[in-house]
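You will see chain A twice below: alongside chain B first, and alongside chain C after that.
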Partner chain A sequence: MNAAASPPPRHHVIIGNGVAGNQAAELLRDRDPASRVTILTHSRLLFYNRYLLPGIFQDMANWPELLAHPPEHYAARRIHVRRECRVSAVDPRNRLVKLAHNETIPYDTLLVATGGRGHLPEELAEYRPLFHHFGSYEAAMATRRALPERGAVVMLGGDMIGLDLARTLLAIECRVILVTHETTFWPHALTPEERTNALATLVAMGIEVIDGDARGGVAAVEPGAPGLPARRVVFHNGADLYGDVVMPCFGLTPMVEFMVGTGIDIERGVLVSPQLRTSDPHIFAAGDVCQIWSEEEHAYRFYYGYRNVRAMGEVAAINMTGGQEAFATNRVESLGHDAQGRIDSSFWVYDE
Partner chain B sequence: MTFHSDDPRDIGWVRENIPCQNACPAGTDIPAYIRAIAGGNHGQAYEINREANVLPGVLGRICSRPCESACRHGWAGNGDPVGICHLKRAAADLKDTRHRITERLYAPTGKRIAVVGAGPAGVAAAHDLSLLGHDVTILEREEKPGGMLRYGIPEFRLPRDMLEIELRNALRLGVQLRAGVTVGTTQGAIRVSTLLADHDAVLLATGCMAPVQLPLRGVPEGTDLSRHCQDVEYGLPFLMDLHRGQHKRVGRRVAVVGAGFTALDCARVARRLGGREVTIHLRTSEEYIPVTSEELFETKREGIRIKGLRTPVALRTDGDGRLTGVAFVQNRLGGWRENGRRLATPIEGSEFFEPCDTLIIAIGQRTVNDFLDMRVELDRAGNVRVAENGMTSVHGLFAAGDYVRGASTAIEAIGHARGIADRIDAWLMGRQRRRMVRIEAVAAPPRLPAHDFIPRCHMPTLPLAERQLLTGEVERGYTPELAAEEAKRCYLCDLRYQIDVDRCIYCRACIEVAPRNCIKLTRDVEIRADGSLGALRETREWRRVAAIWIDNNECIRCGACFKVCPVACISITRNHFVTVDG
Partner chain C sequence: MTTMSKTDIQIAICGSAGDGTIAAGDILRNAVAAAGYRVIGFDVYPPEIRGFGKCISRLRISTDQSYSLKRHSDVLLSLDDSQALPHAGEVRDMGAVIFESQPIAPCQEGEHMSARVLPGQIPYAFSMRELSQQATGGGRARNLVALGIIAGLLGLTPDPFRAIIARKFGKQGPEIVARSLAGFQAGFDGATRTFKLDDVFFSPPGQADTAQRVIMLSGNAAVARGCLDAELDTFFGYPITPATSIMERLAAELPKHGRRLLQTEDEIAAIAATIGAGYAGARAATATSGPGLALMSEMLGLATITETPCVVFVSQRGGPSTGMPTKTEQSDLNAALYGSPGDACRIVIAPTNVEGCYRCAGKAFEMAERYQTPVIVLLDLYLSNRYETVTLDESDHAFVLDANKPLPRLEPGETYRRYALTEDGVSPRAVPGDAGHMHVITGLEHNELGRPDDSETMHAAMSRKRHDKLQAALRHPEFAVTRRFGATGRVKVGLLAWGSTFGECLEAMFMAQAQNIPCAALKVVMLSPFPVREVASFMDDCDQVLVPEINHEGQFAQLVQGTLARPVTRLSRVPGSPMPVELILNEIRRLAQG
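Moving on, here comes the complex of A and B:
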């Protein structure tokens, strides 16, 4: 009698090569050694550490310094990373991922870990080409190139991603002008009193804080005039200010466009159970792209920060390989001060 | 070579291969009008539109665009759908100012038909019935015709001059409009039974005129909330009053509950009336609301916030009875409703509070039947039931549009009403019309492969700073250049590429150049019960290959295969529906 044929290896496909995606890939490799593990990313770089990006404004010379692992690591771990692939759609019925260049990739289990992109409020969308960004290595490099020595950076909003960069910018003696908005200190939700104190701390650190509301909010961003900095920010009350670069820092929006129309439950992010399961049994989501059901709060909510996101990658991998783990966090999301009296945030905590 | 076919395979081909036309409730011949725009013939494009829908300039602004959701250009891997609706508007706006509309008139029949309601359904039906030779009178309660197009949709989405011209063109060939006349049972109103006695047929197109009530804790069922608290309004009367010329006011913080056109319009109006913080509260989430993504974007651009997964459960008022806010419960997404909409399930113990000064409730509209002075059979939803021939349970009484289908869209109302007009004519005159496929040979591919890479042209819009008024139209319309560029994007799905298997030498040159998996080696093809062709059964084994076949579903009409074929065995035809008498 013939020995029973072994089943074909399972194919775990991960969309996104950030913290959650990579953490999941590593664990999937360990837990399901026979499987195929593929990461799809539209990035040109292998997984790099976005928490180190402010460094490129200071002393970091080259992109390889950012990479979490050399290319050989992925070869040795049999993790297939396909770069510069844009996912255009997911077909849950046939379990296929469709790429923009018309290729389809079959999966057995799929992890959506595309994270978020910098949110740009719709009323400012038409000024998109005039903004400078910080969400990827390429964007950060372009911003660095546009910023003259000791130049002026206007941060609209001022989320914790932007404020992290602001610390570096102050250290290299740039001017940082922060225009407040309801998203200032995102993702921290502060009481009015905490917010006032935190803004005072920013001023003490050397950040020029401008009350966006008092000026009626930002009305337009324009190219600067000859002899003046490269950008002009105009407010609804007619006031204006100039900067060499203008950065939208309004928090993140989950990248879910390619999931729309799949039938998977989405609100702002992909909705998942504490086990990180979506409404399709073969699809999971982890990281900044997902909203997780919270039994205590009776609501779907986002959990940000390196540790949370890495833990999500782990939970997803465990459950994609038969586990029943629930995501739990005991991390206190707090905004505080460091020893030098500068603001400090749990959101910035990163363990190598 | 041109000929007409009623072969079910040809009819099935057109139905399946022109997804936009198939999705359009009025069956607009979309590739035909886009082809006309690409050739710079805006007037011709307008007339092609007008054959299916008498209000192209209106629908080109406010249509819900089911065609674009179906467009082949929007299928995975093909990019964004063609701007079908923007092109429709371009045909209307860019046609010559001296453009003359054409109407095909039948001889007078001497039959008298009354239409109740001058919304898009009533107007479309009256227009068609009048062309068919009948004497038509429309009775409309409001001072002016247009229904929800005039009294619901704000002017910044639909300028009234355009609406006026198209309504007049629709009604001027012999339709008598009696505006300011109520049909009903109240004093001074005309009874439906009187209309029936005086006419050969009566068509009810009274739409959905009542707002759906929101049940709230502590408020007895059936209470009119707008009477209960002066800061609470229902969306439909709010907009109707505004468009009748009343002065409306809102507070600084406005909460709108609801998820359709009405909710978005109320929010955008509230913003223009001075609302500083305007928030739309949804039971489900943005992905599942039935409005176009462009409209959603413009709404957000105007500073309106959208919050999902919540249901209002109670009002909070201060000592003077003024609204201070609304209590909501958190929802989870549930299953799907029969109409394809998403369900939301409230979560016990999840109540929370949002402060506001004005609440506008726009959770839907429903039909009212109290104007009828006779028993007419209704369905479970309270909508009137119509038979296959469009007639209600009362002899000679027909119904069309939202009044039959529940709150839907302008194009659904028009499409439905035109079908009913046809059936009224068939019932009165015994005349039949049927669809055939006109097949014309096309000498060479009319498109260039480079056209596949043109990105969708965005609609120019009014700068935010100029959006304070209720009137300034937000969408500005394509320029002739933008329209020509967008028109080039259309694949022209009415083109059918076929390989003549008898002449094919199986060189596979076409397969080599094909941009997609569009040319297939097949064993055979499924033949459906109605005789139309179904799925291809493919094979990779040479000995089983019975034919080489172009899968027109995959084909993006690029013409590459046609150009390389060494024996010219690939042909192109244009296939489209025509209506013929008899």
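Moving on, here comes the complex of A and C:
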């Protein structure tokens, strides 16, 4: 009876069910076969491909078509996906994740990969119930249901997520009205000349571009009047316009609220080293939620796009299992044109 | 996602005693029945009264009649994760698991339902407690919030729910009704705001005219209704799970009809009083479970030898002894058939569904009086507590209640022979007060006059009389002692079943037929006297005969083999719950391949 008791399997906990979290989970399973791998997400759905969401405005009606893996994949890979779980806090000292429903989950290593939510400027926050969203399957479906055939969509801001959808909307003969904002073309940072050219391209594509600044910015969003589209956008200069749906497209805000108070360094996102370590040795961050130290720029910065985020998931998994790999990217974040003269973006690149 | 063309949805509500689990199930099944769906439901509850143990209310809602619960539910609603966690796996892929998002007590990893939801299932977390508090000022309406969530999520119209909630809580005053309705509405509104991802959809119910004739009854309620329609005069009983609700219902109903119910001091008194009432000419019955039947066994012999009509409803539960009072079993068959000293023959019938409970209850009185014998109606907990939508036409009420042979006109000086040896074994029965028909009754063996007589000749004659007269019960009017389902002619596998398990057998048979396995099922309702001809004829058609039943000994299989001396394959299990359909189906497949 002298057999040494084997240590309990390590528990890798991942907060977030997106590209980074799932990529990390797959690699953690490979690199640490005896471990427990748990993904925590507030979503009801398993990991699905958000890059395919515009498709639901065309012919992709059923969410199972969006899933990255069939349900049985998770059992086979022993990846425990906990859905409908909201993380309320993290306790780094005791290495516990606290869930909103009063459950505590111990971890050995923790990966924060919660991504970002659609940013809404403070002055528009009170109109949140009147906006239509695109950040999840459920939100996208609600928007689709609100949009009549050949209806009008008002996009405030016009980040690259919204512009991706705009391409689909144009294809199904919807009217797309873009109200420009400083976040137009987010996350691309364009020179004035590049921006002017890009806006001209949008017009050529069929998007109606309205200069938001020239109208003093959006003052209010209201329900439409009888006989008119369902929403009215009012500008500070008194002008207005109508649309069946109004979508805020102002870029993403990292979801880090539950990390406040942990002592982990946070700026806009969770600050991490190139190895994706936070200031706690057991906590890592990856994806749209983190700002990575850039030696070249001597600053923490975000890296967006499917390829970058997936690479971050891989790097995090390697380092959560003892590696020392640094995140590096040679992907040019560029806004260009495709063969048809439409805008094209590295942000939209998705590899199956 | 696909929309089912016909509704066939099973919902399970699970919580602790005191959570209102059973009450929620009751409202739900009545609401969907009122909406025109067919329902079969079964509640599981703990032996403790309150605050301990698991309660589950399961109901299968369908467009067409179902015969059993399904193995997999389409929806599980947890009112208490500590009880419901083991049941998460019962939900099929793409089914819904609904649970509390804000439980009061902290829990360790894995103790919340979100930890058990399988990848193929759809989780829905609702703050039921908070919704209840916001809507009603307290958390007690959490079960009604849960009902609202189910109705909202599945797209059920709320009106039948509101009507039933108002009726159920009406006695507690308008304030309670208003709070209860507010709780339901809060859940309903919350669910309708929730994006539906599961594929559980209701299609429209059946024809409205059919729905109007359908009522919801439990097995015990059907027994009580059968008793009332058979014009039961007196009921004597002593409470015992799972038979008590028969007495409770009759206690409420009999006085309305000028009839009487007496709760006796024990089961011996109950059967003695029942026999006494029967002797006096009243239509009398009692109800009990296995332990009570054991106490009644001696007195049942008295009813046999005195040829006194009496009806005993026996709802079986897990045994022996106190056993498992809140778990179902079919292990009192031997006790019902043989559980008295002497050659104490009797009629034993066993309904297989709720509608059968009604018919058997009424027919039991017909038989008891026509054949002057005790009749045991053998139920079990699953059948007693099972709810079904049943159609009871007016014609179903036509029990033949005046079965007594006319009393003979006595010539001057002639003595009334209470136990006259007749061709069919049934003697004209007089009751106290019938002028000129004074006679003796005794537990001793007796002659035709009823006077003690232990001669070999008389004992043989009377024994034959008591047994032979029962054979006529096999041809009792408008009573099918057996009924065959499925394929006609030769089959690979024949299912031979009795009692509540027959529903599972029928479901399994339909599934096997869908897999091109030639099979049939014989429902055996009359267990004593045994329908030898019918069962033998069925077995003649079967390559293999399978006998599924919920007991360890295979008591029905023993009865069949002992009577017919033919081989059968036994499928005897004691899970404390209904026999899983898949288990029967697997055995059918195995036998079909062999």
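Assume the second predicted complex is superposed on the first by the 350 of 352 C-alpha atoms of A that agree within 3 Å, B and C clash if a C-alpha of one lies under 4 Å from a C-alpha of the other, contacts with A are read in each partner's own complex, and residues count from 1 in each chain.
Basically, a residue touches a chain if its C-beta (ideal position, glycine included) is under 8 Å from a C-beta of that chain, and two chains touch if they have at least 3 such contacts.
What you see is a predicted model, and the numbers here were worked out from it, not measured in a lab.
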Touching partner for A:6 - first (chain B), second (chain C), both, neither: neither
Which of chain B and chain C A:102 touches, first, second, both or neither: both
Partner chain in contact with A:123 - chain B first, chain C second, else both or neither: first
First, second, both or neither for A:191, with chain B first and chain C second: neither
Partner chain(s) touched by A:83 [first = chain B, second = chain C, both, neither]: second
Touched partner set for A:330, first chain B, second chain C, both or neither: neither
Which superposed partner A:298 touches (first chain B, second chain C, both, neither): first
Which of chain B and chain C A:266 touches, first, second, both or neither: first
Shared contact residues on chain A - chain B and chain C: 99-100, 102
Complex interface listing, chain B residues touching chain A: 76-77, 285-287, 297, 300-303, 308-309, 330, 332-333, 347, 349-350, 464-465, 516
Residue numbers on chain A that touch chain B, as the complex places them: 88-89, 91, 98-100, 102, 121-123, 125, 219, 260, 265-268, 271, 279, 293, 298-300
Touch list for chain C against partner chain A, complex: 1, 93, 99-109, 111-112, 114-115, 117-120, 122-125, 195, 197
Chain C-touching residues of chain A, taken from the complex the two chains share: 44-46, 62-64, 71-75, 80-85, 99-106, 138, 141-142
